[in-house]
Amino acid sequence: MNEQAELMRSAAREFAEKYLKDVATKIEREGIGSDIKEKILQQGFLGATLSPDMGGAGLDPLSQRLMLFEFAKVSPSVSAYIFFHNDIVSKVLETRSDKESIRNLLEGKDNYGIYWPGLMEGAKTNSSEKVMERVINSSCNKTIGLFSDGKVYLVEGKNEPVKDFKPLGLRGMGICNFFPEKRVEYGKKEVLEDLLIKSSGDIASIFLGIAEGSLEKTMEYTRVRKTFNEPLKNYEPVAFKMAELESELEIMKYSLFSDEADEVRLLMLKNMSASFSKKATKYALQFHGGYGYLEDFGVEKFYRDSVALSAIIYRPVEDKRFLASKIYGDRSGFL
Amino acid sequence: MDFDLSEELKQYGKKVREFSLKEFSNKVASIYDIQEQYPDELRIKALKEGIIDFSNPWKTMIGIEEMCRVDPGLGISVTVPFFGAEVLMLHGSDHLKEKYLGKVAAGEKIMGLGVTEPGGGSDVAGLKTVARKEGNKYVVNGSKMFITNGTIADFFVMLVRTAHPDDPAKRHRGLSVLVVERNFKGFDSNKLTGKLGVRATNTAELILNNVEVPAENLVGDEGKGFYYIMEFFNISRIFVAAQSIGIAQGVLDRTTDFLKNLEKNGDYVGEERKFKLAEMATRVEASRLLMYKAASFLFNYNPNPTLTSMAKGYASETASFAAETAMEITGQTGLNSEIERFFRDSKIMEIWEGTSEVEKIVISRMILKGDKNE
Amino acid sequence: MDFDLSEELKQYGKKVREFSLKEFSNKVASIYDIQEQYPDELRIKALKEGIIDFSNPWKTMIGIEEMCRVDPGLGISVTVPFFGAEVLMLHGSDHLKEKYLGKVAAGEKIMGLGVTEPGGGSDVAGLKTVARKEGNKYVVNGSKMFITNGTIADFFVMLVRTAHPDDPAKRHRGLSVLVVERNFKGFDSNKLTGKLGVRATNTAELILNNVEVPAENLVGDEGKGFYYIMEFFNISRIFVAAQSIGIAQGVLDRTTDFLKNLEKNGDYVGEERKFKLAEMATRVEASRLLMYKAASFLFNYNPNPTLTSMAKGYASETASFAAETAMEITGQTGLNSEIERFFRDSKIMEIWEGTSEVEKIVISRMILKGDKNE
Amino acid sequence: MNEQAELMRSAAREFAEKYLKDVATKIEREGIGSDIKEKILQQGFLGATLSPDMGGAGLDPLSQRLMLFEFAKVSPSVSAYIFFHNDIVSKVLETRSDKESIRNLLEGKDNYGIYWPGLMEGAKTNSSEKVMERVINSSCNKTIGLFSDGKVYLVEGKNEPVKDFKPLGLRGMGICNFFPEKRVEYGKKEVLEDLLIKSSGDIASIFLGIAEGSLEKTMEYTRVRKTFNEPLKNYEPVAFKMAELESELEIMKYSLFSDEADEVRLLMLKNMSASFSKKATKYALQFHGGYGYLEDFGVEKFYRDSVALSAIIYRPVEDKRFLASKIYGDRSGFL
């Protein structure tokens, strides 16, 4: 691991420890506060991957992965918030060298929502252009949106809370209905698909952060919680499963947090980590018993977020087909 | 061999399904879910319309499945006011039955079961709530956790410790069941909020501070409480199996519709999602058969704990497998539909009324004891 | 609802089990397995003792399960001389039935089914063996692969192409079934050796070089062969489910004994192995219920392909899951016992008579077509 | 990867290609021929991990892993043959500085069998000292054996074929009954347990080699084999599963074939690779359909060997408990 990466990891870990850990449940309930958003900007986490000539820090891919991982361990919502701005919004703006929007982003003037119904096989596409329903990021003033004409737009407008709906995951980011006032085309659907493929390693980092966050809590809980007068960890089914989960996590992390990780390996890790995070967070909840079912214990959010994030940024059909075709060196898995 | 339900049960199932489809719309279910509100109007409506019929356990089971298939949170809420009733039916004095059960059936009262404690869970016999006999009453101190209907029930069938055996291996003895009313002095309850799922159901912590319970509220014999409760779980597990199968069938219905729609619109479906649909359907079918077989023993006064635990264990794992798979197949669409609520509701199935781990302990113990489960 | 087998079937199952325990000792099974030898003596003995009774499909199913529970290789060998008989029964002329089936029932002849071809498999309609009509005979050219009883059967119910539809989408049409005798000129067969499991069964490749088959040996109508064979698979799959459940129950029996022994000797068992035992037992029970339900439709002349495919698919996966788990639980002991043979025998269940993939295609297709599997 | 490791990998791969590939099925049927054993000695594969002062090449652990992996891809029996001699026999002899036996081993005068009934929870122990039943390696003249007194002996004696029994796996090594003539104590049961723990990485290498060997064949088969006029690889269930299996394999290999792999990680990899190899070889067989069931196609042997090897050298209860205790930093998983 290079030095920059190590430094970024410590910085992110410290930040999460200092500013997020104690308020993680509050973030889930009330959203990421503007004070936290402000601090994220100040510390340069948001927009960090932008090239220096765009005003960013030109953060290397490994450092970005470590940063997202450390945040996701504590608050998947915060990690996703940075991810969407760094991996999607900034990149879309960069393709058009839209320096002004980037400056506004880096100065905290703009806060972006994400909207891409119909990006995945079978998902409903949006037909209305009057309202963009359930945009991710409840406090956005702009949105990167995929419209039913198959094009990506930068949309300015107004957000409004969604009534009678509570999203499954990323509750810290929240959702809103967005009323467009002005939109500018920024490319075709393929731009987003391409960005999602290129972000494979970052997506994997969030999934693994989610898994590690839930497993850390579970390691601790199974040490202290007793049943039939013995700590849970003394029972084979708990200890063996935890050993199995910790092993998978460790082996994936080793591969993900390496300078050498190339495109195919990052794709592999995205697929593996998506299903792993669901498995790990489910066991984490199970081993917490009834307590795991309660928001206060901070475990169920990882389970929800792993599934919600999968539905939002992981595409089981397309991503697997893409990888299979890479591995076979020929189009595969399309029947 | 005969795999058909009786005509009466089929008709009953149909009636419950119609009621549920009418009353448990996504909009209604969604509001109770978000607000974590118990649907008392629906409970009363269901009772009035004869949808809830606890006189026949087959009907109870099928009713639960059909309701949960439409919405698990509301389905469970509407069918749970009787929770724990079997303990009273089987072991309560005539006085207790008359005083308490009748009003529940009439819809005037709601009851609950008080077994689990903070730090308790699977180890039921390790409970710490103590009832000290003083004259013709018991003085109860302790607390209960994760109690369904905790802030709305009028009374609880509660497991407490009435004696302290010297030998820790014999701690199953010395437990007794009392009927504890909410309005007894020293009783308090705190609603638990922020549940992952089944948020329309009411869950609370109970606190008992020198609560005085008349001695006549003892259910059955002193010291036999552990066995009454284990017997009860052997019954209630079949109803959790029904909840689970309702959930699994519910997401199977919705996933099937999703894929049918894709096909209809000429969109790509792909074999992988079809295979997953087939796996879901197979597991739902297998779960239901296990439940029916276990029920055919249990409701015939010949309970088979191996089969009951198989049914509960397998069905609950199927519910959570099916809900996860449905989320995977439907993706963004599922995220913005009822499926996400089913997904959140499903996980508790593997935890309450005996975790999956407890079911496996029961099954393996019976097999190694030589039970042939026949 | 009634989950009991009739007294007659129970007695029959018991009788088959006793026969199998007596005749299929580990030593005997082991020799046939190592030598890849078909147990013809056992086939005849079983017929003589009335163990094989193909007049009643319930008996066939239960007999297969009980035999495979003791040894899969021998159990399948003994019950397979009738393989394909249903095609003749349902569609053969009286002449064909009399000429061929009677002798099989009398134990004088063995039959086989010739469908699969080299490079074929799941895609049945893609077969390449051609029968050209010339006067009152067919001239058959082609080859068949993985044919059970291939070098011992006296005749085969064989699927061949008799017409070439212009439209490739209609290639299911133009297939027909012929009865082909081994002693017809131009018929040849090569035994396939080195099978992973079920090594007592006989498997071969058939070569047909201008084989002349009398036109009267056509089964049913020309051009309907594909449908006859699909209908047959819908029947035979239930018997593969029975084989699979026999295997799964067989390793469950042996694993239970292994763990009981550990407990008896005061050795460490551990919860993990107990949990796995519980999972095995649950899946065996669920598989058997699926099979019984599918059978109750099928044997009542009301086949339900969804249920049949669920039963076959789930049971075969259970057989291989159970055998693997048994190997894991018993380790070195299993390696030096019958369990390793069961393990080798189990895998073919997921392949023959429709791979697991084919079963899932059937199930999902029926569901998306709107089948409610009721 | 260091240079020695790279060299060893090429050497082993070349050897396997040149001397094993074409006779792999023959080895399964008839055993590892004496010509092959001779060549393995000549090339220095056998005994390679012995320290130079014992007459070995002092091969580093990574190189040994790569060597075992490359052999297992083609012939798990040959890989296991080298493993048993390098990881068990040599190490046992080394603990007693038994230079004479080591010399005989390196000169090809001795060929060792392995015999450890009762090393795992619940396995039957041996009670007779007159005959050691089902010793692994049919042509051995000496055996490292665990006896019912809980002690490990170096046993000299005669082998005899086992009648009416064909082993599930490692058929190239074969088994024999061994009649002891002389035995010398070489320590307690714990010596073997300790060696199995220390060999975790090597065991993982064999498992992953088995998996890769079977998956390579399957990649090839699914490219050419058609069903319903399309190659198998075009179907999602095949392509997606192959992508998943190749991914897991790749991520584990990356971690295993690293200089940095420490004891805990190697233990993790042993556990993961043991179950992975069963899964991968099972799918390999399934995707070959009926052909996979036949010895000639060289696929079923991988499935058998993964299960047999697990029963012989992988201990599901003990190994998982050991790892869980390492992870928790406290005794775990014993109930």
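Side notes on the structure shown:
Each chain gets a letter, A, B, C and D, in the order it is written, and its residues are counted from 1.
Keep this in mind: contacts are C-beta pairs under 8 Å (C-beta built on N, C-alpha and C of every residue); 3 or more make two chains touch, one makes a residue touch a chain.
Keep in mind it's a predicted model, so treat the numbers as computed, not measured.
Summarising the inter-chain layout, the chain whose CA centre lies farthest from the centre of subunit A is C. Chain pair with the larger contact count among A-C and A-B is A-B, by C-beta pairs in contact. Distance from the subunit A centre to the subunit C centre is 50 Å, each centre being the mean of its Cα atoms. Computed centre separation for the pair subunit B/subunit C is 42 angstrom, with centres defined by C-alpha atoms. With centres set at the average Cα position, the gap from subunit A to subunit B is 35 Å. Counting only residues that touch two or more partner chains, subunit B has 259, 270-272, 275, 357. In subunit A, the residues touching two or more other chains are 235-237, 240, 317, 320, 334-335.
Contact residues of subunit C toward subunit A in the complex are 270-272, 275. Per the touch definition, subunit A reaches subunit D in the complex via residues 219, 223, 230, 233-236, 238-240, 242-244, 246-248, 250-252, 254-255, 258, 265, 268-269, 271-272, 317, 320-321, 323-325, 327-328, 330-335. On the subunit D side of its complex with subunit C, the touching residues are 117, 119-124, 134, 164-168, 225-229, 237, 278, 282, 285-286, 289-290, 292-296, 300, 303-304, 307-308, 310-312, 315-317, 320, 333-335. Remark: subunit D residues 235-237, 240 touch subunit B in the complex.
Looking at the complex, you find that subunit C touches subunit B at residues 1-6, 256, 259-260, 263, 271, 274-275, 277-279, 281-282, 285-287, 289-290, 292-293, 296, 306-307, 310, 313-314, 357, 359-361, 363-365, 367-368, 373.
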